[in-house]
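In the part that follows, the structures are each spelled out as structure tokens.
In what follows, chain A forms one complex with chain B and a second complex with chain C.
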Partner chain A sequence: MIAVTFAALWGHWWRSPLQLFTLLAGLALATALWSGVQAINAEARASYDAASATLGEAQFDRLVHRDGLPIGQDTYVRLRRGGWLVSPVIEGRIGDVRFIGLDPLTAPGGMAPIGLINMNDLQGFISADGRIIAAPDVLLDGVKFDPAIAPGTAIADVGTVQVLLGRRAEFDALVVRSEQPLGQASLEDIAPELTRRVAQSGSDIGRLTNSFHLNLSAFGLLSFAVGIFIVQGAIGLAFEQRRGTVQTLRTLGVPMQFLVLLIVVELLWLALIAGLIGVGLGYLIAAFLMPDVSATLRGLYGADVVGTLKLRLIWLASGMAISIFGTVLAASTALWKLSRMPLNVGAQPRAISVIAGRGEKAQVAASAVLLLVAFVLGLTADEILTGFVLLGALLIGAALGLPTVLRVLLDGVAQYSRGVIASWFWADTRQQLPGLSLALMALMLAMATNVGVSTMVSSFRLTFVAFLDQRLSSELYVTAEGPEQAAYMVDFMTPQVDAVLPIMSAQVQISGRPTDVFGARDHTTYRDNWTFLTAGLTPWEDVHTDAAVLISEQLARSADLQVGDVVNIGQQPLKIAGVYADYGNPIGQAIIAESLFKTLFPNVLALRFGLRLPLEDVDAFVEGLKSEAGLPASSVVNQASIKAYSLAIFDRTFTVTAALNILTLSVAGFAILMSLLTLTAMRVPQLAPAWAMGLTRWKLGLLELFRTVMLALLTGVIALPLGLALAWVLLAVVNVAAFGWRLPMFLFPWDYAQLGALAILAAGLAALWPAMQLVRMPPADLLKVFSNER
Partner chain B sequence: MNAKLIFILLWLPVTSLAQGFAGLGSGAEGFKLPETNPTFQFPSDDGSHPDFRIEWWYLTANLQGSDGQDYGLQWTLFRTALAPKDYEGWSSPQLWMGHAAVTTPDAHFVAERLARGGIGQAGVTADPFEAWIDEWIFSGPDSGAVLRAAGPNFAYDMSMYAIGPRVFHGTAGYSLKSAEGQASYYFSQPFYKIEGTLQLPLGDVYVTGDAWLDREWSSKPLGSDQTGWDWFSLSFDDGSKLMGFLLRGDSVFTQATLIDEEGATVAYSDGAFTAEPIKQSQVAGRDVPTTWRVLLPDAGIDIVVTALNTQSWMDTSVPYWEGPVRVTGSHTGIGYLEMTGYE
Partner chain C sequence: MLLTAREVHKTFEAVGGRTAVLRGVDLSLDSGQSLALTGESGSGKSTLLHLIGGLDSADQGQIFIDGADILAMDDAGRAWLRRGTVGIVFQQFNLIPSLTVASNIEFQARLAGKYDADWVDVLIDHFGLSSQVAKYPEQLSGGQQQRVAIARTLASRPRLVLADEPTGNLDEETASNVMDMLLSLVTEAGAGLLMVTHSAALAARLDSRVHLRVGQIE
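Then we have the complex of A and B:
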């Protein structure tokens, strides 16, 4: 019996291969979207893990020089002999390769890359001509490759790297082991010039790039939601179409439980196949987008991500899981409905509509509760987790409410419609709504997601451009190699330009937070270009005349500081005159007057300078710097080129975002196509009377197309505010919780219009085929309706 | 006691157990080898010998606390050389490892340190004598030395003076380690009186007792088949002392030195000294003998050696057992036991 029943069930797919295709394709597409985003995220994360493991910043505190100077080898030995279990790190670039030197004997476990733990390598590593271990993408001869090392990085013994960088007997930082012995001498006594920097929960790089990843993670989450809807649609469709077969089998005496079991087995097989196809597609998507993502991250934050993919178990598994999980979730409702189907009732669209009407009340109630939760969380949420709960409640609540909102809108329109055809059209649209609502929900979520993510990325760009204008207000930036060259350069440059603005900084603690403090010259450049989030009336004047300080938003938020509060730098009390935005910086920043800075940090000399000069003189001046002062080209940076580079990076981000936008909308369009295909077959009995009364097939087809486009338009109108709410949550709740700074939100009506057009195009394309089917339907088929008992 | 623990050799490329325990049986290319009939020069031979591959300053002490309880203490500095050279800077081939421990009847505290030579983080100077790694230190002459070490949960600060002479094992300090002729230079200072303070989680304890320093260096001390040893340094209540070891390989190789209270020695060759496990204990997931019957019939010694704390496990880069013992039988007393190669 099993074989026969199964053959009967399976036979359905043979008769309608198109439906099998839509089911598989639907599942596969949803899986692909999910696993594609996951793949990109997993790959990038793996790269960061390697990077942060290399430096141990995530796990271990570090000792660094207060003034950012190197740490002498004698200081290291003094600390060790004072009971400080610290391990030296030296770091520098040679060409494109970042070299990190460490001492494998004192490095805490988990700091050195995995390859080093093999002690057989130790002798080669620490011997006079020490071995270099590098990431596979490093183009060096005679090195050993290890994929656990961060991209673009080479690791060698601390002594080897000292020689390579020409920096004998000095280090950049000392990593502090988490377990220290009893009776340790105080740091103040041994090395008062050092300061302890607390381990960061993520590395510097990790924190910065996380803000970009949040973007992608949000996209992953949202695409998951869209995916679930499409899977639900695909499964529901398959069940709807097989009601007849199931009924026949039951009439023949096949027990219901047995049928359900067979269907479950069949569905799991399909989910498995579709999942595999989807993961494969996701891999292709990710491989296609990866170089762009990699370039984006590298340019934005200087984090190296290998621009190639590895098949990682985590997203392979997660892709399969979503396919199966989605299938089970979607099938459980369908199976429940199927098992309750009376033996002798046929599948009628009208019946579906009525039953759906009963469920609608519960759905509206759930939607109302979720939206209320979202509202309350919107006012109160201040953690990443609550931020994501808020996102979920908002999206699901809105999706559940969509059919009702659409129905109410249609009811409204129907009241004012005149003429027979119009009345019929609106009534018929309303009746179709239940069958289409899942697909429309998917469309709405896709649209809202795209609006939200576009808003976030574009807001980020605008903010960043303004930020660049503020920070890169000088026309040229030059860097000296040492104090002597710096002094010579200042003498050379001063008579030739409008202003030479030294850039000098030191690391301090303000209210217990690690902070980079900068000394600023009293110059109109700052007054003209800097904007503040909050400030007194004359922030710059206060800085230069009243020894006030300006602090970054991150510092203000994390230490709960406001304008007017007083903080200490060393022993010097300073009143806060203003708070400014400092996007993407994981640690605090503060600005004080140049004169005060020189008093507090007499040893810090400026090696970088911003130069103000008329734009048209820039080229000639740069030429002079090279020919007369002998400064290498690499020491001079033209502000315009930095900005152009930064913007180019953003355009890459947009490539990724745009590609993902089109993908999500395609998936939603596919959901509409499938729903319409189902409905078309079922709707023949309803359309036949309209045809018989004189509506041509062409006109019917056009009306079908119009209906879909109109529903898509309505959905799009509802999706817009939802998308904006989504963007707000991402920028003002999740970002603040994750990074301590809030991104201002800007609106981009033109982008939304384009997205709306895309969504309508997707819906229209999806409706085109079913409409064409209707147009081409032989009149005999329509006539058959009247001779049929149905 | 210990011609042992060149655990640092674990790091060497030739390392494997097939080459004897912790690589001690591996080759000695370019390094000097111990020669028979040595003449030691002091204080220079208290310092290090970079031409030899391995060397250690190994101090153990049996202590009695002001609380009436028995304690044990270990302070060890190992040197290993990747090449028979020594120079300043990170490229120095000399590597250092320190082990410190305090044993109580129901607890065993361990710490380990590693360091590169050439930068001043660890080393040994002969005159004035100072052996150090990080803040751990063993310095000063026999007439007045200090000893300090600390871990995350224990520390000690001790002072010592010797009441007897150095003693030389084997033939005038040339100590055979296998029938094939592997050997090391080996002498001891077993006559230290020691006192000081142990800092333990339950509080500080003032302790006094006896300490025993082993000095040993070589370049290839073990036969390639030798995979572990059991080492006894015992102080009897009658004032005499016994150093005895058995090296486990295809056959067992034993040596012993009996020291009278004035420091005069009698050396015993292979087979005179024997030790048989009586009782095993489960330690760190393996069986380790913690009660032994020790025989030296030529000297009328027939004793039972029992661990103060059976769980005296050194959970270090290369793990081993090292802890204080009590002696009963024909002679009574205290001592230290080291056991390696129990996998």
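Then we have the complex of A and C:
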């Protein structure tokens, strides 16, 4: 019984290969976009974990300086003498390479790199030559490569790295071994300036970039949803066309439960095949996008992520699971209806309009509820999760309401139509609407996403450019290699330029948040160029009286601070004089007066300087700096270079978004094409009478084309406000929750017009093929409609 | 007795309340016999046929096929009965569009585990379908499709054949030929035939006839 029944069911797909292709392609595309994004996320997280394991952050407690300063070698010696089993770690960057120095003789065995150093290496590792072990992507000569090391990272003995970084006799942290002797002296007695940071599962960088990956996942899920619209359309149509077969099978004695079971098995097989294709395509998408993601994460968060992909079981399994989940989701309603279908009803497929009409009321009700939820969340949401729930409710609610809105619009147009052909066309379009509604929903979601995301990105870019102009006001930036060179440079530069503005910072905690605090010189550069989101009347004057601080928007939002509040830096209470925007920075920032900074952090010396000088003098000055002060070219950067570099990072950050945008729109175009193609055969009985009454096939073809383009246009018009609402949610809710800053929203009518034209072109191209099929359809095929009439 | 129906009642939900379609129908049919069930449209003929075929359930009464009360059976039991004991020929043919003519004819026999290649060949030959076996139903005329439907029903050698207006969609000559074949093969196989028809001429060719009026046998 299984074999013959299965053959009868499967036969449908062989007789309708286009439908099979639509189902497989829709599911594969949906899976591909989802699993591609998951592959990127999995690769990035694996890189973070490798980086974290390198320093043992997840396994071992660490001692660090309370103010984020280096730990002196003498402190380390005191701790060892006091019975503390600690091991020094130093880390720093030279170019693109992250150097980590550790001491293999005292480091806990569980630290990842220690396992890589075998006894033969050990001697070379701790020798004066200092052997370096590096990840394969590190471009260094004379080092040993090991794929187990985090990307972009090189490890060496702590002494070697101290020399390389020019930081002799200091460390960044001391790793605390798990087993400590009894009776050791307390940390407060030996090194009160240090604090113990407990081991934490998951890396800091992983947490820092969570919002980025959440954004990517949301985009992947949205693309998946668009794909599922295609799958649901294909499965719904296939079920409807197989109603007759199912009825016949039942009348011939096949039990319903058995049939449902066979259909489920059949769908799972298809999901498995589509899942495998999708995962393969996802791998290609991820491999294509990975270099940009890698650059983004490095530029935006300083996180090293390998630019290539490995096959990972987790996303393979996740891809297959999402394919099966999508199939079950898309098929559940159709399967439920089929299982409840009485045996003795007519077995002929019903018109799609009849099927859809019955669900319209429920769909409108669901749409209204979801839009209401979106409205309420729009007023209240302040977390990233509620932000995404708001996005989901808004998009799904709008999609469910689309067919009804289109129907009302068509009814309105039909009232004003004149002539018999126009009346027939509008009535026919209204009847066609249910069959096309899933594809149109997919198109609307894709267009709204494009409008929303491009509005967000373009608004961000405009704001960011203005922000760079404001912030990078010095004409030249120079970096000294050490304190002595810095002092010499200041002496050299001061008489030749209008102003030397030191850039110095230290890491502190303000209201429990890690914050970079900067010391600013009292100079008109700041007063003239900085703008504030909120501030008192004279913020810079307040700062330079040593009694006030300026804080970044991220810090203000995360710690709920406002102008006038008082915060402590070290033991110093300071009143907040202003809040400024600081885009692109993952942690909080604060600015205090240079004099106060020097008091609070006497060990921190400025190595970077902003220089004010007439623009026309810049080239000559740079030449002098190189020739007379002996500063290497790499230590001097002009303002234009920094701006270009920052914008390059910015643009690359959103390359992934742009690529996913295009992919989503392509999937929606595909949805329209497949819907139209699968509907073509069902359209013949509706078009044949019009043809018999005198409309030529050419005219019918043109009307079909016009209908699709017109529906796409109407959908685009509805997608525009939805996309703008999406942009608002991204800018005012998701961004604030994810990054801690709120961006102003700008409108880009020309971009929207281009997108609309692109969508109409996609819909037109999708409609062209079925229209041509109709134009070329032999009259005999149209006549069959009448010969079969009974 | 192959088929016995006793006091069968059936009502349907309709606008303004429930409508009684069958009001205590009694019927019987022996093996090797054929019975025509006639009546006006809406008299309950097709409903009675569906109940006997296990396609629907009655509100009251009993229907025995080979001694088994099908109204007391669950869905799986009725499906089993339709696979092995009862064969139904529909007015709309109800062929499986995804299978070829040959596969359609073999289908029910294979489903019932009674597939006999020689008997299927005999049927294909007898119904003049030899040149059509590789085609799909949509490529056949109405008469050809009905012959395939009848061949499919007979291929599993059912004990009882139920036919609902089997020639209703066919022209007079084709209908006559199809009826000749149906009657000869039913007789040859020793099965019982219950046929719903509007045609007095067709009804006259069967062994006996009952007339249904407003849900009751006259």
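Going forward, the second predicted complex is superposed on the first by the 576 of 790 C-alpha atoms of A that agree within 3 Å, B and C clash if a C-alpha of one lies under 4 Å from a C-alpha of the other, contacts with A are read in each partner's own complex, and residues count from 1 in each chain.
As a working rule, a residue touches a chain if its C-beta (ideal position, glycine included) is under 8 Å from a C-beta of that chain, and two chains touch if they have at least 3 such contacts.
These numbers were taken from a predicted model, which means no experiment stands behind them.
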Report task. Could you look at A:Q247 and tell me whether it touches chain B, chain C, both or neither (first, second, both, neither)? Result -> second
Requested in this report: Could you tell me if A:K598 is touching chain B, chain C, both of them or neither one (first, second, both, neither)?
Outcome: neither
Query raised in the report: Where does A:K575 make contact in the superposed view: on chain B (first), on chain C (second), on both, or on neither?
Result: neither
Query raised in the report: Given the touch rule stated above, what does A:K144 touch, chain B (first), chain C (second), both, or neither?
Result: neither
Report task. Based on the superposed arrangement, let me know which partner A:R81 touches: chain B (first), chain C (second), both, or neither? Result -> first
Query raised in the report: Of the partners chain B and chain C, which touch A:P255 in the superposed model: first, second, both, neither?
Result: second
Query raised in the report: Once the shared chain is lined up, is A:T106 touching chain B (first), chain C (second), both, or neither of them?
Result: first
Requested in this report: For A:G183, select first, second, both or neither according to whether it touches chain B, chain C, the two together, or no partner.
Outcome: first
Query raised in the report: In the complex formed with chain A, which residues of chain C make contact?
Result: 50, 53, 55-56, 75-76, 79-84, 88, 90, 92, 94-99, 103, 106-108, 110-113, 136, 169
Requested in this report: Could you please specify the touching residues of chain A with respect to chain C in the complex?
Outcome: 1, 3-5, 7-12, 14-15, 244-245, 247-257, 342-344, 347-348, 790
Requested in this report: Enumerate the contact residues on chain A facing chain B in the complex.
Outcome: 73-74, 76-77, 80-83, 85, 103, 105-106, 119-120, 122-124, 126-128, 130, 157-160, 162, 179-185
Query raised in the report: Okay, in this complex, where on chain B does chain A touch?
Result: 10-13, 15, 82, 89-91, 93, 95, 111, 114-116, 119-121, 132, 134-135, 150-155, 199
